[in-house]
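In the two complexes that follow, chain A is the common piece, with chain B as its partner first and chain C second.
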Partner chain A sequence: MNYTFQWGEAFIEVPYLLGGAWITLHLSFIGFWSGATIGLFGALGKTYGGPVTVKLINWYVIFFTNTPGLVTAFFIFFGLPEFGILLSPYHTILLNIALNSGAYMTEIMRGGFVSVHKTELEAAETMGFTLLQQLRYVIVPHIAKVLFAPLSNWYIWMILGTAMAAIFGVEELTGRVFNRAAETFRSIELYTIAAGMYVAITILASSILVVIGRWAFRVKVKVF
Partner chain B sequence: MYEGFLDIFDVFLEQSAEFYVWDNAVYLFRAMMTTLTMTIIGCGLGFIFGMIVVYFRRTPGLMFWPVRMTVIFYVETFRRVPFLVLLFLVMFTVKGFGLDFSLFTIACISIVIISTAFIGEIIRAGLDSVHQTQWDTADAMNFSRLQTLRHVILPQAWKVVLPPAFAFFVMFIKDTALTSQVGVLELTQAGKYYNNLGYSAILSFGTVLVLYFILSYPMTRLGWWMEARLHTRRRDERAEFEVGATAYELRGT
Partner chain C sequence: MHHLEVDGLTATYDGKILVLDGVSIQVGKGEIVSVIGPSGSGKSTLLRVIMGLLKPKAGHVKLDGDEVDYGNKKSVKALRDRFSIVFQQFNLFQNMDALRNVTIAPVKIRKRDAQKVEKEAIELLGKVGLGDKLHSYPDELSGGQQQRVAIARALALRPEILLLDEVTSALDPELVNEVLDAIRILAKDGMTMMIVSHEMGFVREISTEVIMMDEGKVIEVGSAEQIFDNPQTSRCQDFVGKILRH
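== the complex of A and B ==
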């Protein structure tokens, strides 16, 4: 027991860390929507595409769901410069997150697509809906209900997952803790504060998602 | 760094002749086993502690209220803390108090802390899938709580618990990559080691990616098989969804 806690030293850094929390949030937000876009096209291709498309998408999904995000990030971060492509750490992480979560979201969204029955689409077609109208009025409202809970869970999971970005020098919450811990040596205090902040952020995000879910999609979800 | 694609290809061929030798294979294999051992120890202990956590969570009466609250607080907190942050927290706490644990032990402790919270939640969902009337019946027949669990609940609940718990385990094989950041010599750290020796990142990390895949994919398939084999209707499939950090179950798909 030769460690003296100095919480005061650590709490001075809270505003700086909160700035990092903001970066964490927008990193996960952008990452989520890029992943969702990939996932949407992946799921579309897997549901309606030809055999070759399906096979390609399957390979993509199986590859990314069976390899660690950290190693793919290393692969991109150190591998791309060998081809003369230089990306900043932030963009590397964003690319990695998008590719990685795209794979998982392809699987999630496919589950939603399967839940749309063919008869409903046929009915819409009979009534003269164009493809876009079908999407807008039949498919989206239907699958939003099925997908809302798993996608919200995924978003929460991604907030935690972006902690990985710190390893590549992105100054989000964990990255800023790295910085300050190296300067002040108040590691235990700073990491505890960071952990508390992650808990707070995810609970906040869950609560907002619950409100959105109940209000917009009438999905019964709860925080705890 | 290099001139063109052909040059990269040349370098790649040149290096792979040096890289794929027996010694490196042994080194990588041992790193792979470290990854696997760490996950098995962490999730195995996590399963046992998870059971204990769930047992405490279901204790009756006002007397156990503080115990229940502590357990709920523990589960809800550690499902919302990133593994990386927890890893550093455990490491600095252990080192700060002057305990002489190996890095491997530190990594295992962190995995146990996280997996107890997640697996505890999975087990709880499994126990909840057994209808409340069965608890009441067992109670009426004068079963003790442990007897109820042992003879009535667990024989039905394990089918619901096992597939997601196994999916969590497979998931964590990949998450242990983060332990390379505190210096545990596992697969990712081995990849970094080779990259630092000067091997191309595509070669070193590419090999590591393939090794992770070899480790993870058969287990994923086993998980699918298990899920298909053990599939039972849950009590209420339209139960309220929970927006929390329960994505592990999802990611096991």
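== the complex of A and C ==
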């Protein structure tokens, strides 16, 4: 190997890259909650909606779960301006993440709705619970617990997925590595640092989720 | 006047399959009435219809002479205030520990004083032998323990009549007795109960009256001695003969 590592030059960029990591975090955070909102309505529609609603939601889910996120991002990026809608690269990516993860979360959440034990609700009914009380004391806590682990996994997966934004010039972590690598040619060093930052972010996020999961939902999960 | 009077109760599934066919039963205060019969005879359905989980097609259910109107939410609610049911599959709330399973309905639904309810719940759980499992969740308890929590939960609602729907059928054989013992304690306290069970020895020991059902109909009603030792109908003789042979 003829490559000479020059870490010094790369380490200077750490603060700049950390700024990118921060953008990565809030891109994934906002994207996750937008997707979760879409997923919630999607799952509700699929579980309780009429045949037309179910069909529309199915088309949406099939489209986004069977096309690469990068392709739909380009689709939005080049497609929307044709309709006179101009979005910044950041918002294009955010919209893409929301729509993409909304499709996945529709299916994940539907699983949660379906898994509610009818017999538990029957017991609640004989004990005098109204539908609203069943929802509050039995259904929602059950769904929250069932969905916690798959949604946590999905969030981690999304953090990594935001790297795609770099292609559209969004200055998140990977995007900033693009910038500096082009200027300094210290690609290996910079990507090594970025990889370390991604690992640190996901471990941090996982740890926080594990603590929340154990404390609030009695979900016994581990970081590793 | 009987405490609970069921008269000509008829019910169907999907409007087609007749599962209860003119069932009449009386339960007096402090009595323990057991319902036996082969699978599919409508025993469990009878309890479900009484609790309002399945609407009857015809017939009446009267409580102290007052007829329950199953089409009226208020009337059904009033009935559920006075009855509790324990299910074959326990049906505990998985997201709550044993104590909260017992306290939630009295506190959140009946709006009784939380501290008093909790004290009572701890006593009830102690009574069914689970004083050391107050903060265990259903998935940390054995089937027998879960069923005893379910019994405590039903009792916390202070029912006038307790319905037990095959409460030991889903249990491993060695766990059956701990649940039966809990029911024996209730019997000693004078609890009015309607019991659907396949535990014939237990039914014989505890029942004031035994009802044999088949194909949605009451075949024979009598004392435990009559039903088990001297059944009058051939269908009952046949059934009792089969079950007592092993």
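Note that the second predicted complex is superposed on the first by the 203 of 224 C-alpha atoms of A that agree within 3 Å, B and C clash if a C-alpha of one lies under 4 Å from a C-alpha of the other, contacts with A are read in each partner's own complex, and residues count from 1 in each chain.
By our rule, a contact is a pair of C-beta atoms (placed from the backbone, for glycine too) under 8 Å apart; a residue touches a chain by one contact, two chains touch by 3 or more.
Keep in mind that this is a model prediction, so the values were computed, not measured.
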Per-residue contact with chain A, leading partner among chain C and chain B: B
First (chain B), second (chain C), both or neither touched by A:Glu120: second
First (chain B), second (chain C), both or neither touched by A:Asn179: neither
Touching partner for A:Leu209 - first (chain B), second (chain C), both, neither: first
Which of chain B and chain C A:Tyr198 touches, first, second, both or neither: first
Residues on chain A engaged by chain C in the complex (per definition of touch): 117, 119-120, 122-129, 133, 137-138, 141-142, 145, 218
Of all residues in chain C, those that touch chain A in their complex: 51-53, 77, 80-81, 83-85, 87, 89, 91-95, 104-105, 108-110, 137, 153, 157
For the chain B and chain A complex, residues of the former touching the latter: 1-2, 5, 8, 76-77, 80-86, 88-89, 92-93, 96-98, 174-178, 180-181, 187-188, 191-192, 195, 200-202, 205-206, 208-209, 212-213, 216-217, 220, 240-248, 250-251, 253
Parts of chain A lying in touch with chain B, wherever the complex brings them together: 1-3, 62-63, 65-72, 74-75, 77-79, 81-84, 104, 107-108, 111, 148-150, 152-154, 156-157, 160-161, 163-164, 166-167, 174, 177, 181, 187-188, 191-192, 194-195, 198-199, 202-203, 206, 209-210, 213, 219-224
